[in-house]
Structures are given as structure tokens and as C-alpha cells.
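Take this structure first; my questions come after.
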Amino acid sequence: MAPTRPGAAVTFAGRSLRKSRPRYGERLIEVMLFAAALVSVVTTIGIVIAVAIPTEEFFRQISFTEFFTGTRWTPLFADPSYGVLPLVSATILITVIAMAVAIPLGVGAAIYLSEYAADRTRRVLKPALEVLAGVPTVVYGFFALKGITPFLRDIWPVGDGPAIFNALVAGFVMGIMIIPTVASLSEDAMSAVPRSLRDGAYALGSSKMLVATRVVVPAAVSGIVAAIVLGVSRAIGETMIVTVAAGGQANLSWNPLEGMLTMTAFIAQAGSGDVPTGSIDYKTIFAVASLLFVMTFALNLFSIRLVRKYREVYE
Amino acid sequence: MTTTIYRSSAPDTGVTTLRGSRRPRRELVFRLALQSALGIAVSFLGVLLAYVVWTGLPRLDADLLRNMPSTLRPETAGAQSAITGTLWVISLTALITVPIGVMSAIYLEEYADPTKWWNRVIDINIQNLAAVPSIVYGILGLGVIARGLGLGLTVLSAAITLSLLVLPVVIIAGREAIRAVPSSIRFGSLALGATQWQTIWKQVLPAAVPGTATGSILALSRAIGEAAPLLLLGALAYISFNPDGVLSQFTVLPVQIYDFIKQSREEFVPLASAAIVVLLVILLAMNSVAIYLRNKFQRRW
Amino acid sequence: MTQHLESRFAALSQSEAREAALTIAGPDPAGPQPLSVPSPVFEMSDVSVFYGDYQAVRNVDLPVARREITALIGPSGCGKSTILRCFNRMNDLVPGARVTGKITFHDEDLYADYVDPIEVRRRIGMVFQKPNPFPKSIYDNVAYGPRVNGVKKGLDEIVEQALRGAALWDETKDKLTDSALALSGGQQQRLCIARTIAVQPEVILMDEPCSALDPIATSKIEDLMHDLAEDFTIIIVTHNMQQAARVSERTAFFTADVDEAGVRHGRLVEFDRTATIFSGPSDRRTEDYITGRFG
């Protein structure tokens, strides 16, 4: 058999293990990659700064009490009022309506996909749900405003029925949009529940329904709660559906048949107009954005911690 | 004589078959309820799509693509500036976000020491950013990029803003693809005297390309449908020209659709629907490419 | 030169004495223990490996002779693979791993500050337990090592030589562009060997190279090892005693001690010519393992 390294027997013995050439390139690459990873950190810092500075200036002119407890939101009037409660109440009302749709339908769909559906059905239905999440929200808003509301107004049995812009339809449509978020994270949590738990229950003679409701859901509850919290966060932060279909006038009301202005819709409305930098109108946008950011940030952190918790238990 | 060793406390019902009790009805109802949950969601989607196509049919014509938007003549108005604007913005977004996202993913998976606190901060930060409402990114774009850095209400500002919006998604997809490459490959490469970067560049990255590409395409398709952040970046202005550079003003399809919706005249409804159909077709094409890539190149380790 | 050896001998004798003290009623070793070898490539002195605070292997003294096959045998979990990975600094890649003691390669300290682990791995190659060919063509697998080491020309010859050296050329010469993953398990492992020798290392470390293969593939690789030993120094970890007896010239037997807390620590028990280990081992524990009384 031919030697595989003719003549090399002599040359190797004398060579030291020192680096044959200094490897600056490796170090440089590592630095560049780290810099790329820092972009995400810079983004968060950017958001915080972008939002905080005008907000701080805003609160130098407008008191906390007026902002947080005032019930009139009329920043464009000659005699402006900056009470944010109408915006917050609108956001909350629509979020509640949306979650009333998204939670039962989302968790229900998740239970079905996780416990009942055959593999083939799941492979078709899961992507179908994902498509729901992929439809641009402006399309949902359009359907709500031009498709559903007129229809509802036509068939409404008593009284006036929903206004052209109303919270009910916007909330309903938003709920449907959020179903994939709730369903997919809930289903993840349910799939993480070990087979052995289910098998134990089946072996004792439990039906599928009992196993699903008494074993799987309780075991996956922190994941399901995380999914719901994330859904709430999405509902609060959603802009286009409410901007198109919920209304453009601030309205402190709990009547879902009326139109109202949410925090996100206000930002969209005011921010898309021509607002000079440094004006109070400009700063108002950022003040509301701060509130929005803080609310969703807190919810997101909570949701992430919940997910970590359930992942730890089973992995 | 029988000896009873164990006396069961269950009543002797006299039933000796394995036939079940009457519980099946409740079972059935529950199952139907779950199925209808899924059914409602899916049929809503169907009705939505049907509505859009049905109302948009009259305006799915060549004028839609040929003409510029107009508030005066909805019958012949088109969406060309919005379509080209979308193409400009998304291309630039892809050029920015994919390299940064992939580089971040490489750093986090291959170089970062998970015990060091700053790496965990970066990790949590990315997860948080993925859930921040898109309009807040618009705020970032307006305050810092358009006005703060003086880049104005341009294609460039829009692309940077959207890049930051989808960056977390690209990073997460990239990390998963890199993580899927088994460490035996890395060990094999290193044992031959390759450096860490050589191993990543020649072995890990090529193997992670399909997963990363799929994830990036899905991230970009999300960006295409975004309207809220771009509302704040000047896309709502009446734009009747195609962009001629990255510092050009622009509009995009979702925002143009919003503009059509806001118009009061009924003739704008079919125009809005038709534009929606165009947007959905673009999205369908992108997602199909992503799924095709995933199915064709997915490696089973 | 003899002074060098003598002082080394003196140091070794101390650890020898430790060994003897722990041996349970074994026959007294007659004459000097062959803990020195002709033309050593590696000298391991008092080496321990820690994972964090846990001492996985302790106080190993092991010289490795040039162009010989040295086998490391013993029951599971006694540190053989850990010790093997010290020779090419692959333990560096395990988070929390720490190596104490001294390992020299041609009298140069392998763990000195200035030493480049990349350079070490170019000179000391490794074949793993489960074949791990890259998801590329057969040609690209073998050419990978030379390419990352800067070789740009003459790759065709290098690939052919390496494949011949691994007894794989005839089976693959017509399908060099096919995927390596299409080969059988035994062929993949020989491909990994070809890949390793393509960079022309001096030493090949083999971590249970045949444990994932069927007997026919195993015997092909064992035949290959004899040919390879004409040019390379080989250290092989194996669970299979008969394999060690078949292929190696020297054998090191490891075992694991269990301390008061119930924690296992690996230890080198005996190191000698293979013939001696298998016919008349000095230590009782070696004898027990060889004859199958435990492990």
C-alpha cells in the first residue's frame, strides 16, 4: 500500500505548535457579528428614547391628572382637553370584545388540533389557521366596515343598530384575527404535555373530553394563559382594524354599537397628518404611544415569563 | 363455594357488556363545539376572501396596474404607484434585514456564551421586540429615523423601519435553522483543523440556508402587509408617481388601500377590493415560494 | 538523552508506587514497568480532567509510542474518551472542561499559552464514534480538510491518495461527486478516515470507531488500521477487548473508582504491551476485566 505522505516523515517533527499565522480575521468577524446582534438592543433603546423624550416634554405642559383622569379628549379644539380615558376605554372595550371571540374559539381550536384531529387533518387545518394570521389587517378592517356593518345594520331587529363606525364589529373581526395567536401558542403548550399523563388517564377509562379538559388543559394552563396574554397584547396594539372600522371621534362610552377612538387609532390619525415637530400635537402622539408601549411591554414580559415557566417544567 | 377476596364498593348494575354509558352525547356535543370553533375561523376566512374577490371583480382590469391613483375618477384610477412603492420598499427592507438578522443569529448561536448576562439580555430583548405593536415601530421611524436622523419621509426611512420591525422574526428563524445543524458536523470540521468561522461559513451556514430563507420570506411577507408604521412615514400622502430613488417619497399598497377605503364615494369600494386582491396575490406568491423552499430543501438530520 | 529518560523514569516511579499501593494482592511486578516507550510522541504526566468541579479522570501517566497503535480499554464511564480528547484539545470545546497536568507532543507542551489549538488539530486528527460525513459530495468531504488548511492546487491527487489510504478508492472512484450520505455506515466511517488522513496528520485518534458498525465493516477497518500504523501513530478507544487484542501493540486499562459520595472518577490502572496485558496483567483489576468478571 502506497504511503500516504511520501517524504513527510522528516519535516513534521521539527515544527512547533505556534500559530502559523496570526488570525486577526477571526477576531474581526466575531466583533462584526456581535455588532449585528447589538442592533436589536439599539432598537429597543431607540424606541424608548423616541417615545420618552417628547412624552417628558408633554408632561411639562400637561399635568398627569389631566391626562390620566380627564374624560375629554379634544386636542385639536381651540380649547384643548387632554384626558386620555376615552382612548383607553375604547381600547379596553374593543379588546374585551375581541378576546370574547378569540379565547373560546382559539383555545377550542387548539384543543381540537391537539387532542382530536388526525394527523392529516391537522396538517391541513394548522396552515389554514396560519393564513388567517397572514391576512393584512387593513383587509380585516375593510371587511368589517364595508361588509359586515352594513349587513348588520340591515338585519338589526330593534332600535338603531350599530353605527357606521362601531366597536362591536371592529372587536369581533379583531377577535378572529387573534385566533391564530391564541391557538398556536395554546396548542404548543398542550403538545408539550407528556403522553404519559394522557395515557394514564385513558387507562383509567376516561373519555377524550375528560382527558382534554381535566388533564391536558390544566397541565398546559400556564402556556394557555401566556397565549391569552399575548393575544390581549396584540389586541391592544392593533391599529388598522380600529382605524378603519371603529371610528375617529373620541367617545367615552361602553356601548359597543357606537363609534370610538382607540389609542392606536389616534396615533395613526394624528401621525399621518402633517404635524410640525415640537408642537403640542406632535408630543401628544408620543404621550399616547408611551402609554401604549408600557401596557404592551408589561403584558409581553408577563407572557414570556409564563412560557419560560411551562417550558422548564417539561423540558 | 366462592370466596370473595375483594368486595367492590361499586353497585352491582348487572351490566356485563362493554357497551358504554350514555355519556357519548356529551362527548359528541363537545367535539362538535370544538370543530365549530375551528369551522367559524376558517369559514370567516373563506367569506372574507369571497367578499373581496366578489366586490373587486369589476375593477380587476389592466387600468388597476397601469394607472395612478386618483380621487377624482375612481372608475379608472389604478394603484401603480403603490405597487412599485411596495416593491421598492420591500426590496430595500430585505437587503437590510436579512444580513443583519443572519449575522445576529450566527453570533447568538455560535459565539455567545449563554451564561453571560448580556447575552441573555439580548435574547429576551429579541423576544420582546417580536411582540411590540407595529405602530410603535412607526413611532420609532417617525421620531428617530425620519425626523431625528433627518432621513425624511422616504423609501429609505420606511425600509429601515420595516427592517427593524421584522428583524426579530428573521433572527429567531435563523437561530432555529442554525441550531438544527447537529454538533457532530461542527466537531468533525474542527477536528480537521478548521477555525470556528471556517466551520460556520463552510458547514453550518450552507446547511442552515433553507430554514433561514423560509423564515426570512415569511418575515418579509408580514412586512408587505403592514400599513400602520408607514402611515406615520408619509405613505398616506397623495402619491401619483413611482419612486425614483431611495430618498424618494412613496406609498405602499396597504396604505393606498386604506386611502381608497376612506373615500366616501361608493365607486372606491371595488377599487379598494381590487387593490386588496393584488396585495393578496403578491402575498400568496411569496408564501408559496417559502413553502416550496421549505419542502424541497428541508434536511432531515 | 539518557539523563532525560532517567529523570522522567524517576518521576514515573513515584506514581508507580502509588499504583502499587492501591493494587489488591497482585503479583509483584518483576523488573521495571514499561511506562516508558521507544520514541514517544506524547507524554502524559499526572493529567486530570475536570468538568467544573467534578474530577472525571485523575492522575493519568501515559506515554504513546510513534507509529504504534495504543489502545485505551475499560468499562463505560471511566474517562477513556475524555483522555483521548485531551490529545487534540477537543476538550477545549466542552464548556467548563479543564485539564491539569502536562501533556507533551514531541517534547512541546500541548497546553502552553502560545499553542494554537487549530494547529494542534491539523497535526492530530480524530475519527468519531458515529460516522459524521458532511452533507456534501465524497470529493468535497475529503478535500475539505486540505482546503481549510489553505491547499488550493493538487486536490485531485490528495483526494485519491487519501481514499486509497482508507481502502475506499475502488468503491468510490466512479462516484466522487455523489453525496457522502448515500454511502453505507462502514463506508462513511472509512470516508471519515480518508478525510482525516487527507490533511496528513501525524497522529490519528479514534474514539470507538467501530461501535456503530456491523462486524464485516469492523474487520475492514481493523485491517485498515494495521496499514495506517505504518505511517501514523494511532490511539484508539475501544469497548471491545478482542479488538484491542487484535490491533494494538500497547494497551492502557482504565477503571472508575467510586468515592464516599458515590461519584465516579476515572483512573488509569495499568499500561503495558498488549501481549502482557492480555496474558499476564500485573493488576488484579485488569485481570478481572480481561477475563470478564466485571465490566
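Order of writing sets the chain letters: A, B and C. Residues in each chain are counted from 1.
Quick note on the criterion: a contact is a pair of C-beta atoms (placed from the backbone, for glycine too) under 8 Å apart; a residue touches a chain by one contact, two chains touch by 3 or more.
Just so we're clear, the structure is a prediction, and the values are computed from it rather than from any experiment.
> Where the centre means the average of the CA atoms, what chain is farthest from chain B?
Of all the other chains, the one whose centre lies farthest from chain B is C.
> Kindly work out which chain lies most centrally, taking the average of its C-alpha atoms as its position.
B
> Between chain B and chain C, what is the gap in Å from one C-alpha centre to the other?
So the centroids are 50 Å from each other.
> Counting only Cα atoms for the centres, state how far chain A is from chain B in Å.
13
> As a quick test, compute the distance in whole Å between the mean CA positions of chain A and chain C.
54
> Residue numbers in chain A touching 2 or more other chains?
Correct list: 23.
> Which parts of chain C, given as residue numbers and ranges, touch two or more other chains?
If we look for residues of chain C contacting two or more partner chains, we find 118-119.
> Taking each residue of chain B in turn, which ones touch at least two of the other chains?
Counting only residues that touch two or more other chains, chain B contributes 195.
> Within the complex, which stretch of chain B touches chain C?
So the residues of chain B in touch with chain C come to 113, 182, 184-185, 187-195, 198, 202-203, 207, 299.
> For chain B, which residues are in contact with chain A within the complex?
23, 26-27, 30-31, 33-35, 37-38, 40-42, 44-45, 48, 51-52, 55, 99-100, 103-104, 106-108, 111-112, 121-122, 124-129, 131-140, 142-144, 147-148, 164, 167-168, 171, 195-197, 221-222, 224-228, 231-232, 236, 254, 257-258, 261, 269, 272-273, 276, 279-280, 283, 287
> Within the complex, which stretch of chain C touches chain B?
88, 90, 93, 95, 118-119, 121-122, 125-126, 128, 130, 132-135, 144-145, 148-149, 192, 195-196, 199
> In the complex formed with chain B, which residues of chain A make contact?
23, 25-26, 29-30, 32-34, 36-41, 43-44, 46-47, 49-51, 54, 104-106, 108-109, 111-113, 116, 125, 128-129, 131-132, 134-143, 145-147, 176, 179, 207-209, 230, 233-234, 236-240, 243-244, 264, 267-268, 271-272, 277, 285-286, 289, 292-293, 296-297, 300-301, 303-304
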